[in-house]
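Each of the two complexes below includes chain A, the first together with chain B, the second together with chain C.
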Partner chain A sequence: TTGNKIFHFGACRVSMSMAEIRAGFTAIKANIQARDPIRTLSILSYPHSLHKVKSSDRCCITHHLLNFYVGKVFKHCKTEDLYVNRKISSIANSFLSMKRKLGQCHEQNRCRCGQESTEKLKQILANYEGLNVTSAAMKSLGELDILLDWME
Partner chain B sequence: SGDLYCSLLNPRNVRFESVNMRNVLHWSAPEGTGNGVLYKVKYSVYGVGKWIRKPECRNINITWCDLSSETSDYEEQYYASVKAFLNGMFSDWVETTRFNPLTETKIDPPIVSVSSTDKSISITLTAPEKWKRSPEEESISLLQVYPGLQYNVSVLNKKTKKRWFFSISNHTLVVPWLEPGTAYCVSAQIHVPAPLLDSGFSKEHCIATLKDK
Partner chain C sequence: EDASLPAPQNISILSTNMKHFLTWTPVMVQGETVRYSVEFQGEYERVYGGESWIPISECSPIAATVCNITEDISATVAYRLRVRAQLGARTSPWATLKGFFNRITTSLTPPVMKVIADGYHLLVELEDMGPAFQFRVLYWKKGQERRVQQKVLKEVSSVLHLDTMEAGADYCVKAQTYVEAINRSSSFSQTQCVRAQGGTPMWL
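Here is the complex of A and B:
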């Protein structure tokens, strides 16, 4: 689609519609983040920011985070606002497409998971499971810009 | 007997205004209040959540507070909050939305300098610097913050009114095959593709090519 850009994650190269995802998230960011009253915890940044991750682990973490969002986040983010729901499903579709593309590279064993990325992913899941599903999903969705900032 | 206390209306429109990552908290006075209202400010890092008071913005009567120092790590996100008080009455704490300096700062136009020969002009562009605490502190160009930063350059032939646009990644541009003895005006804008950020265009810098030898 227009606005696709090639992203390099280690040995994997994936074309992604990041601008589209960004625009979709920016449109609902205030609405989604307002639904997350918990300031003391971040799913993606606690205790350490994603930005501290080594570049060699980028591919593995991106692959698993795409799976995380597609598998655990979007489906639990229904709201009473049709406009917001439409934006969420559009972002979810883009993530699904990215997940498939990166998954192919992961299967060709070119997306290695080091010990640091495994630890980081465990921490993210622990943060997520520390909250009830809806709160955890809404918080994760509200942190999408943290993920996009890091991916870009 | 219950304690009697009067509450003051809340400060309004509490938000961050950010330019080149100089992050300043702004708000409007509670409705209907004239002078004499004082304010205090606190902030927190998202994911840490502990509210931290800003001593320099305690008991202030102005409606802004510079939190650039406290929010200078642009890999983090922040909240800030303001409380008003007047004659023993006080408002609630009123919070900003979550502030992401990386995607919400505004970027100033680039600095443009031009020189000319008889048939070309050379343009040098400099991205603004990230806000810093003091002049002695090491300067960080926004180019380091946004590695994908590009420049959109407009060149206008003042005589024919013909205009060219260039989109470049490096900071110099030579425009060849121009008419000798002619005035050209240059203006430039910063474009960051990810996250999408655009500065305004700089004011025009005009220069004449040298006359034919």
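Here is the complex of A and C:
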């Protein structure tokens, strides 16, 4: 099926079409990652992998990472390749849809941010701001499968 | 930009079973083939992307007056669509679809279904409608309408075994589709009934 799943992030239940996002990303992954020359650095996984995050912090991290991608990353990923831009639009609009669903739960205070998630988010932003904006955005987009794997 | 060409008219969406098409009425220029270009704008582009528009290359340009936009309408958000005519260097103003299109409004038709009695086995064949579709199949023994059973198919395999039937009994089946991405179901198909083999021959 579209792989539309019900995700449990703490107390939040959100249905998301992961397969459509993955299909969009897989179609452009090689192109995007080829634009990221600095392979030794990571935005999402430095210094610690997302998988180290406690499950109670999953909702907060997911909520803020969706905001991060929608608010910061996608807008700096425009390329000269129309096909790539269409797929980025597809992913961005799916993230926007997810962000809204999870945002509703966040507003109902069922998506708390603990100390650990706050630290992790700070680190991700520091990693991001340590690069020039286009490189940081392309690297973050190229790491989307890390995020999707972790979310699933 | 010489915009002397009239803009296309009657822009509309035809959306059935998660397949979405933009259509418009042609711009007529005597003895000439007018071509068209189509662009879309998702909610992300409107809110975060500076209201940018994205061309659909398969429809930029085309001579037909219909464009399959399914691949680009890939999130459950509000999209805007526009089309313009072009003839050589001449282009028309953009004509924009009135309002927005969200795939949640697609019309869902009941699935095409074939029920088979294979000896004592009750089988059903369902049309493959694409990855977005799941199926809910209801079946019951005729006369026992209160004891309806259900099977949910997340993926279409060629034939689904529903039940082993009692000899000579009649069984009825109906099905509907479900699209998780928009959380909607179609109406049910027509009920189809079949009879299991065996039972007391009529002449006894």
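Just so it is clear, the second predicted complex is superposed on the first by the 149 of 152 C-alpha atoms of A that agree within 3 Å, B and C clash if a C-alpha of one lies under 4 Å from a C-alpha of the other, contacts with A are read in each partner's own complex, and residues count from 1 in each chain.
Here is the rule we use: a contact is a pair of C-beta atoms (placed from the backbone, for glycine too) under 8 Å apart; a residue touches a chain by one contact, two chains touch by 3 or more.
None of these values were measured; they are calculated from a predicted model.
Superposition of the two structures on chain A shows chain C fitting alongside chain B with no clash. In the superposition on chain A, contact of A:Asn85 is made with chain C only, not with chain B. In the overlay built on the shared chain, the residue A:Ser97 is in contact with chain C alone; chain B does not reach it. Between the C-alpha centres of chain B and chain C, as viewed from that of chain A, the superposed structures give an angle of 80°, to the nearest 10. In the superposition on chain A, contact is made by A:Glu20 with chain C only, not with chain B.
Contact with neither chain B nor chain C is seen for A:Ser135 once the two complexes are overlaid on the shared chain.
Look at A:Thr118: by the touch rule set out above, it reaches neither chain B nor chain C. With both structures placed on the common chain, the touch criterion links A:Gly71 to chain C but leaves chain B unconnected. Of all C-alpha pairs linking chain B and chain C after the chain A fit, the shortest spans 6 Å.
Put simply, chain A uses residues 19 to touch chain B in one complex and chain C in the other.
Across the interface of their complex, chain A is touched by residues 44, 46-50, 75-77, 79, 97-98, 100, 102-103, 148, 193-196 of chain B.
Put simply, chain A touches chain C in their complex at residues 1-2, 4, 15, 17, 19-20, 24, 70-71, 74-75, 82-83, 85-86, 89-90, 92-97. Across the complex, chain A meets chain B through its residues 5, 18-19, 22-23, 26, 29-30, 33-34, 38-42, 45-46, 49, 51, 142, 145-146, 148-149, 152.
Interface of chain C with chain A (complex): residues 40, 42-45, 47-50, 54-57, 71-72, 74-77, 79, 131-134, 154-155, 180-181, 183.
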